[in-house]
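In what comes next, subunit A is part of two complexes: it sits with subunit B in the first one and with subunit C in the second one.
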Partner chain A sequence: MAMLHTVNKSPFERTALQSCLGHALEGASVLLFEDGVYAAMQGTAVSAQVSEALGKVRFYVLGPDLRARGLREDRVIDGIQVVDYDGFVDLVTSHDNVQAWL
Partner chain B sequence: MVNEGPYNHQASDSAYRFTKAALDKGHEIFRVFFYHDGVYNGTRLGVPPQDDRNITQLWQELAAEHDLDLVVCVAAAQRRGILDADEAKRHGKDADNIAERFRISGLGQLIEAGIKADRLVVFGD
Partner chain C sequence: MSEIKKFMYVNRKAPYGTIYALESLEVVLIGAAFDQDVSLAFLDDGVYQLTKDQDTSGIGMKNFSPTYAALGDYDVTKIYVEKESLEERGLSLDDLQHLTYEDEDDDWAEKDSIRLVSREELARIMDEQDVLLSF
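The block that comes next holds the complex of A and B.
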């Protein structure tokens, strides 16, 4: 069991993702939702950093928030799992605690 | 905990949908605590356009169905003009506006929820 980190801001708007990755311990999970979903996409200025972090933490992205922004699941970085709200709930219950990087 | 008002980015929508999903899966929601601008979720005077979601009403319906405890922080609410009948009377105001199913209480309710619930999930901006 480990910590679930939630990031809800775009990495092109705030430094929440940077702060999160700077603090997340190996084995932790990061859920990208709301505008945070932009960090899950291939071919962006942060995708290399996210791919590298996948060696240390697990990444999840909220599918409904991808679709609300017209982003396609097949453009999500390999290794990031797409979840729905049920999956969000399961992530919360399967981790010891939740840290929101607001 | 909801730290951001409705119709302002997405925090209230996310919190509602997460709460609903958790309840649908059979989990217990000990309390929803509205803090900072989140207290605006609890006004009964909001009139969103007919083709838009009414977030306050969505919370009320969910609360009615699952007997949810929707708590609005008193200090945050007073600053922003969210009052129940007692608070309105105490401060000499001519009206109150707390929505049915919401109640105004203190930060102690957040602390209690943090102690009694297995998880605390924060939604905000």
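The block that comes next holds the complex of A and C.
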């Protein structure tokens, strides 16, 4: 089974997402949460990079963190799945290992 | 009375991920008691502080975004939002709260507090300040 990568920093302030995508292997999953959720939105300076990575890895974003920040689910990039905290736990248990990009 | 100085609070952090945004807001409200010429700048991830429809019920944190609407009552009426920062994040003014104040010099007419400025305009406004407080 594959690695679950977690990213909780804004892609506009830190390089956590860049490093994560640079190290994520084919078939891995990336969960965006806390300030990492900004990377999930359409029409941003990083959305093309995220869309391209969707061909290689699965993306998930934590819904409660989207709503806290006033971000609408209908403006999340197509192909990124919105999950809740139970979904977060399911992702952790269904992957071999977790790598947190702080 | 002592000379009035131009104070600008510079907000560059997203809300909730760090404590900077909430701390800035609290300092602004405290500082409002001192009758200075106050303005707020929102740039980089700071523009995310002003998004509308924030709902923190799912993450167990206080939603402090309604407090921005009270700034006008504290005579904080100059809120600069950097256009380039919005665009890089796929946002427009429509995604932000509509913040207003009542202008006492114009029969209490309701006016917009948010002023959309370019990066270059903001640089010049920053250059005019006496004190810059960074969050």
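As a working rule, the second predicted complex is superposed on the first by the 102 of 102 C-alpha atoms of A that agree within 3 Å, B and C clash if a C-alpha of one lies under 4 Å from a C-alpha of the other, contacts with A are read in each partner's own complex, and residues count from 1 in each chain.
FYI, a residue touches a chain if its C-beta (ideal position, glycine included) is under 8 Å from a C-beta of that chain, and two chains touch if they have at least 3 such contacts.
All figures in this text were calculated on a predicted structure; none of them were measured in a lab.
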Practice task
Kindly classify A:8 by the partners it touches after superposition: subunit B alone (first), subunit C alone (second), both, or neither?
Solution key: both
Exercise for the section: On the superposed three-chain arrangement, identify whether subunit B or subunit C touches more subunit A residues. Expected result: C
Exercise for the section: Pick one for A:88: touches subunit B only (first), subunit C only (second), both, or neither. Expected result: first
Exercise for the section: State whether A:44 touches subunit B only (first), subunit C only (second), both chains, or neither. Expected result: second
Handout entry: Touching partner for A:98 - first (subunit B), second (subunit C), both, neither
Key = first
Exercise for the section: Return first, second, both or neither, reflecting whether A:34 touches subunit B, subunit C, both chains, or no partner chain. Expected result: both
Handout entry: subunit B and subunit C contact sites that coincide on subunit A, given as residue numbers
Key = 8-9, 34-35, 64-65, 84
Exercise for the section: State the interface residues of subunit A toward subunit C in the complex, per the touch definition above. Expected result: 8-10, 12-13, 34-35, 38, 41-45, 47, 63-65, 67-72, 75, 84
Completion exercise
Within their complex, subunit C touches subunit A through residues 13-18, 44-45, 48, 51-59, 61, 63, 65, 88-90, 95
Problem - Complex contact set, residues of subunit A against subunit B - result: 6, 8-9, 33-35, 64-65, 84-86, 88-90, 92-93, 97-98, 100, 102
Completion exercise
Per the touch rule above, subunit B residues touching subunit A in the complex are 3, 9-11, 14, 17-18, 20-22, 24-25, 27, 118-125
